Amino acid sequence: MFRNQYDTDVTTWSPAGRLFQVEYAMEAVKQGSAAIGLRSATHVVLATVNKAASELSSHQKKVFKMDDHIGVAIAGLTADGRVLSRFLRSECINHAFVYESPLPVSRLVVHLADKAQVCTQRSWKRPYGVGLLVAGLDETGAHLYYNCPSGNYFEYQAFAIGSRSQAAKTYLERRFEAFNNYPREELIKDALSAIKETLQGEKLTSAICTVAVVGVGEPFHVIDQKTIQEVIDSMEIREEAAADQGTMQEEDKSSEAAPMDI
Amino acid sequence: MFRNQYDTDVTTWSPAGRLFQVEYAMEAVKQGSAAIGLRSATHVVLATVNKAASELSSHQKKVFKMDDHIGVAIAGLTADGRVLSRFLRSECINHAFVYESPLPVSRLVVHLADKAQVCTQRSWKRPYGVGLLVAGLDETGAHLYYNCPSGNYFEYQAFAIGSRSQAAKTYLERRFEAFNNYPREELIKDALSAIKETLQGEKLTSAICTVAVVGVGEPFHVIDQKTIQEVIDSMEIREEAAADQGTMQEEDKSSEAAPMDI
Amino acid sequence: MFRNQYDTDVTTWSPAGRLFQVEYAMEAVKQGSAAIGLRSATHVVLATVNKAASELSSHQKKVFKMDDHIGVAIAGLTADGRVLSRFLRSECINHAFVYESPLPVSRLVVHLADKAQVCTQRSWKRPYGVGLLVAGLDETGAHLYYNCPSGNYFEYQAFAIGSRSQAAKTYLERRFEAFNNYPREELIKDALSAIKETLQGEKLTSAICTVAVVGVGEPFHVIDQKTIQEVIDSMEIREEAAADQGTMQEEDKSSEAAPMDI
Amino acid sequence: MFRNQYDTDVTTWSPAGRLFQVEYAMEAVKQGSAAIGLRSATHVVLATVNKAASELSSHQKKVFKMDDHIGVAIAGLTADGRVLSRFLRSECINHAFVYESPLPVSRLVVHLADKAQVCTQRSWKRPYGVGLLVAGLDETGAHLYYNCPSGNYFEYQAFAIGSRSQAAKTYLERRFEAFNNYPREELIKDALSAIKETLQGEKLTSAICTVAVVGVGEPFHVIDQKTIQEVIDSMEIREEAAADQGTMQEEDKSSEAAPMDI
Amino acid sequence: MFRNQYDTDVTTWSPAGRLFQVEYAMEAVKQGSAAIGLRSATHVVLATVNKAASELSSHQKKVFKMDDHIGVAIAGLTADGRVLSRFLRSECINHAFVYESPLPVSRLVVHLADKAQVCTQRSWKRPYGVGLLVAGLDETGAHLYYNCPSGNYFEYQAFAIGSRSQAAKTYLERRFEAFNNYPREELIKDALSAIKETLQGEKLTSAICTVAVVGVGEPFHVIDQKTIQEVIDSMEIREEAAADQGTMQEEDKSSEAAPMDI
Amino acid sequence: MFRNQYDTDVTTWSPAGRLFQVEYAMEAVKQGSAAIGLRSATHVVLATVNKAASELSSHQKKVFKMDDHIGVAIAGLTADGRVLSRFLRSECINHAFVYESPLPVSRLVVHLADKAQVCTQRSWKRPYGVGLLVAGLDETGAHLYYNCPSGNYFEYQAFAIGSRSQAAKTYLERRFEAFNNYPREELIKDALSAIKETLQGEKLTSAICTVAVVGVGEPFHVIDQKTIQEVIDSMEIREEAAADQGTMQEEDKSSEAAPMDI
Amino acid sequence: MFRNQYDTDVTTWSPAGRLFQVEYAMEAVKQGSAAIGLRSATHVVLATVNKAASELSSHQKKVFKMDDHIGVAIAGLTADGRVLSRFLRSECINHAFVYESPLPVSRLVVHLADKAQVCTQRSWKRPYGVGLLVAGLDETGAHLYYNCPSGNYFEYQAFAIGSRSQAAKTYLERRFEAFNNYPREELIKDALSAIKETLQGEKLTSAICTVAVVGVGEPFHVIDQKTIQEVIDSMEIREEAAADQGTMQEEDKSSEAAPMDI
């Protein structure tokens, strides 16, 4: 990425027709810890890595419930993510109050994207520095969206964002074709396996990840740690083989992470 | 294009009387994936290339229905395009409510152009980074317009915008004189052929393009994938010859595309 | 024109007492395609060159009707011109509604000039990049004005603006003294001859120009192409001699024209 | 005049306590064509040079009637002058409506100066680039004021502003002591002689100047060209001698005049 | 930390996706005198170092009561901290008034974080330069949060912020696992020991620290100096050993402290 | 006075705690022509030098009546002074209307100083470039104040501001102790003598100075020229001796005076 | 103090977490003439040095009464101090009107500090350049506070601010422990002694200082000059010894004082 005089103001176009400040904000998403989403026809699973900033602290919440049928996982500036979550919750509540029916997932995603777009076209603001995986279930089935700081959104079968998410994406690309027919439990297992890919050999335990699910007959909720640990234990044999590879690369990258987005 | 101190602020004229920031925004249109429009006396066909950002995701929607008689295809910043689409839809609804008749296409196009012009004359905004092909049918017949980030619009018989649109334009220029009397099906075939020109040897399938049509007795709608695939199959013999040429140039250009406008 | 640190902000005076940004905006007028106006005691004729941006497109409209008795032709940024036209139309309608009589041409011209002046004295705006020839008929006779981006206006017997307008101006200066007593048809012929001067040997056809007229007993209207072609045909002998000269200079200039003002 | 970093912003003082942007705006007055005013005890005469921008155009109006008893002549940016004239007219009308008596000249001049001062103390504006000679008659007699872009005003017996006004000022300084008792006709003759001084040998005709008068029993009005020509003819013998001197200096200066203030 | 052109404006992203101005504001927290918090299941203890700016003055208050069940300790710009405290108090009062129940601690912390986030996304503001340890007791037990200038917050078992807080953090990390079951008195002792760590050999007396506690059956209140001195006296034997180490490092750092945040 | 990057913005402090833009505005006062004030127990006299900008013009008014009991003399930007005078007059009128008693002088001076202070603390304004000597009589006796662009004011027995005011100040310092018991006529004589000191040998006549007085039983008024001339004539013998000294220094300084503040 | 690109804007953090513009504003306090405050259990005494700007002028008021029970002394920009005093007075009056009891001193101090803090967090303002010693008596006894441009405040037993205040602070530090039990007269004597320390050998007279007192049974008032002179006379023997030391240092500093804060 080359740098020039067009990259300090969000309302300045580069000669090649790019908005560098928007692209830089998208880099902030890569600095956050990883978040992963998977979808079958009936369920969506979100999973995040929870690294506490210090031994003394709890980890920061990265998965938020919006409504019974919608939840999000974030990567990037947590403060920006929290502010956007509050906006989303209020959209869900208002819709439910006025129409007495849950807000369709795709419509919520558009509202969120429009809010992000505004911040790319006003000189006194900055683009949000956070990416959101939106998981939801409505009359048209289960959905997984990714909302980007640029004001774009994409529907996914499965996706991974945040630091070292490339390994998880590679894992998901090998397996996503079968996801649509997966039962709930298999989705959770693959979510944990994808999370494991981003850990680079670090041991996966229920303490360093959060998993949430929404699906038919099951409102959006975070799965309790004990259940997750049982799933991890049942996956152990598979893990032993995988853990040997890819242990040490990128270890230093994590220390580069900007202090505010862990 | 030479560069100087006059090109970082949308309200600064260059000594030669140019607004560089507006021209740079027009470059953003060229970075988006291609969009094509064709018009006969009774029908307008819009077609776009749909490249998904990854295997895991669906492609981004590039064709939007505004009203029963109007639709648009976009190239450039999708987020900007979506925001403008919402504006257009609300214009259509308001007109229909007040006058109980559909909004004439040319009037909608002017509203859109005026909204774009404002962003070229305020120091705290930026010009929109998206081009829109507007297809519509009203009492004066079928129309195809192109709305540009500069706040200009042009009526076309056929047009192509976005990355590698030059090949499509060349194809259309060879054939456009006959379009006015084309039946609906021929228009769709030529739209697909033009799309094919932008693919540079990549195989055209119904999965990587969207085709929409509006015409006499036919409200604006996206044609389903199966029908498109059948048309493509029927065109195969012609394609085989064309596919051999132009395969590999510009392949790398696509990787240069700014990540937010695919 | 020398350049310095005083020429990037419209509210900054140069030490010599000039506003460079206003002068630069006046350059934008010269980049647009040519527009010509002529006036007799009873009629005003406007004529513009219509170069379509591509074979596939229609040309952009450069002549606008404001009211039955007033019309304008523009050169420069078409989007700015369109926005100003809308303002003018609304002034005409409001006056007619309140006073039940047509708005005098000179008063409209002052309103327009005042609107342009404001944009030369606010730091967050830019001067309009368009020149307007205003043709009108009121109780004081036929009038032709030129409104400039600086907020000035001038009354003319005949005038030409836009790219290569110098040749047309030279032509008009040789002949303008007789215009006041010209019949309507002669005015149209001289308008076409002046347009021809700006074409530099390119063949004049009704397809590449628009001619409009307003006069006693004749509301402002664009003359249909067929009539114009007949006039051109009747002028052919005179043309043959003129066409040989001045064919090739400045050909490349047209390709330099900023893409947004054709 | 030395230049430095304190001269691009109207709200920045130089270390020596000067406002360079205000001084630069005063230069704009010198770029306009000349305007002259003379006053006797009972009459004020304003005269301006009218150079049309081209043979094809009429000249720009430089003398404006504000009310029956007040008129102005301007030099500098005509657009700024016109906007200020409109302000003055509205002040006159409002006063007449509320108090049923004409607005005293000195009070109008203060309103105008206050409006100009505001533009020297706001960072988002620029000082007006126009000087105004205000001629008026009220209960205290005939008055001639000069209003400057700095927000200052001065009362004069006679004054000249605009390009090459120095020659006219020298002429007036030699003769002004007698003006107070001049009859109306003598004032007009001296106004024309002063105008002639600014022409540098160019022949003075009624076509290139405007003369206006206000006085006891005579509302402000522009004197018709025929009358002026008769006065010029009667002055011819005196002129012949004067015309030989000062012909060619400063000729080039006129071509330097910024295009927007002729 | 490398420096570049992206670090003077809070709304400018660096190419790597960081907001330097927000990170710099986080440095201000490190410049303030130390603040420490510890939590058991039933009590939270806050402790701060109170260095008076001079012998003549009292020290600045660093511990503020928000409500009976919530209090904060600050490090960084005291003025910013005071303004945020006022905001928090008003939130507590409003909640109590409307709902007739105390405001849950976690909700107050979110309000505070949202207020901080806004200052990271407006070009005319600056991020707050203060960190807050929020101690509170509600229906879900005792809580200790840290609110950061970035708009983030974290829940902690124990934490230390401000200058030389690293030594205290190290102390707390060795011991925090037992804190949950500590009685109130033990928490206070460990708070004082942690404070002592930050003093670098300086003698701990009740005069240079403030200790506050909130817990079951005990509203938030600052413990009186006499009681604190008694605790310190009872700890003396343990202290004698500890005082020998770590005496002299970082001594000079304290003199670098920006004058406004002591 | 050293110059640096802290001196172009009125809201920027220098590292030494100075506001250079305010100090520069105070320089503007020194560029205006001189103004002098003297006070006895019962009377205040103001005197100013009136140099007309040219032979043709009257001089600019530098002494303004605010109310029957208050008047001001200004030095610096006359336009700024006039705007402030209007503000003062309106304060006087409002007070008289509401309280049916004249506004105390000290209160008016505070209002004026507060208005000036605001302009030193807003980034989009500039400090006023004018100093005001305020002379008034109220229940507490006669008063003379000096209001400075910085928003400060001082009470004086006698003071001189403007160009070459140092000589007048030296004169006044030698004599001020007796002023309190001076009769009105002696004050006027000393005012004229002080004015004479600023003229540097130029002959003092009633035409180049204005003298105003306010005192017990005597509302603020400008003394007519004839009376002043008689006083000057009666002072002639004293003058002859003084005129020989100090004739030629600083002569050129007057030509440096910024054109807008004479 | 090192200088860099982070010190021209009040909303820009330096990489080390400092706000240089706020620190620079604190330097302005040091440029003002000295102000001193002392407090016993029942009385507070404020004293300031009054240097008149010239022999001709009275000195500027540096001590202001806010209410019967509160007064302030200022050092730094007098204009800023006066504006803040007006704010304080209005706070006192409003509180007294609403609650029919005097405003507690500590609350007034917080209001003042909050007003100052706002000016450190808005890009279009500047921090106030003035320090205030606030003396008051309320139900909790006598209080002395120092309010700083940074928005901080501190309670003091005794304090000195302004130019050469270091000598006074040293004097006060030697003696402050006894102040709490001092009778009113002893406080005044020590205030005068501290003032004397800042004079560097210049003779202390009642003419160059102001002393004010507030205490039990004694509303805030400035002590008349005669009384002060008597106290000074009674102190003479002690003074003679002290006057010999510290005479000449820093003499030149006073001439560096920015002209607007004497």
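All chains are identified by letter, namely A, B, C, D, E, F and G, in their written order; residue positions are counted from 1 within each chain.
Going forward, a residue touches a chain if its C-beta (ideal position, glycine included) is under 8 Å from a C-beta of that chain, and two chains touch if they have at least 3 such contacts.
All values reported here derive from a predicted model rather than from experimental measurement.
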Minimum number of chain-to-chain touching steps separating chain D from chain G: 2
CA centroid of chain A to CA centroid of chain E, Å: 31
Rounded Å distance, chain B centre to chain G centre (Cα mean): 70
Chain G, residues touching no fewer than two other chains: 9-10, 26, 123-124
Circular arrangement of chains, read from chain A onward through chain E: A, E, G, F, D, C, B
Residues of chain F touching chain G in the complex: 5-6, 9-19, 22-23, 26, 110, 113-114, 116-117, 120-124, 146, 148, 150-152, 154-159, 169, 172-173, 176
Of chain D, residues touching chain C in the complex: 1, 3, 7-10, 20-21, 24-31, 52-58, 60, 76-80, 82-83, 86, 119, 123-127, 129, 258-260
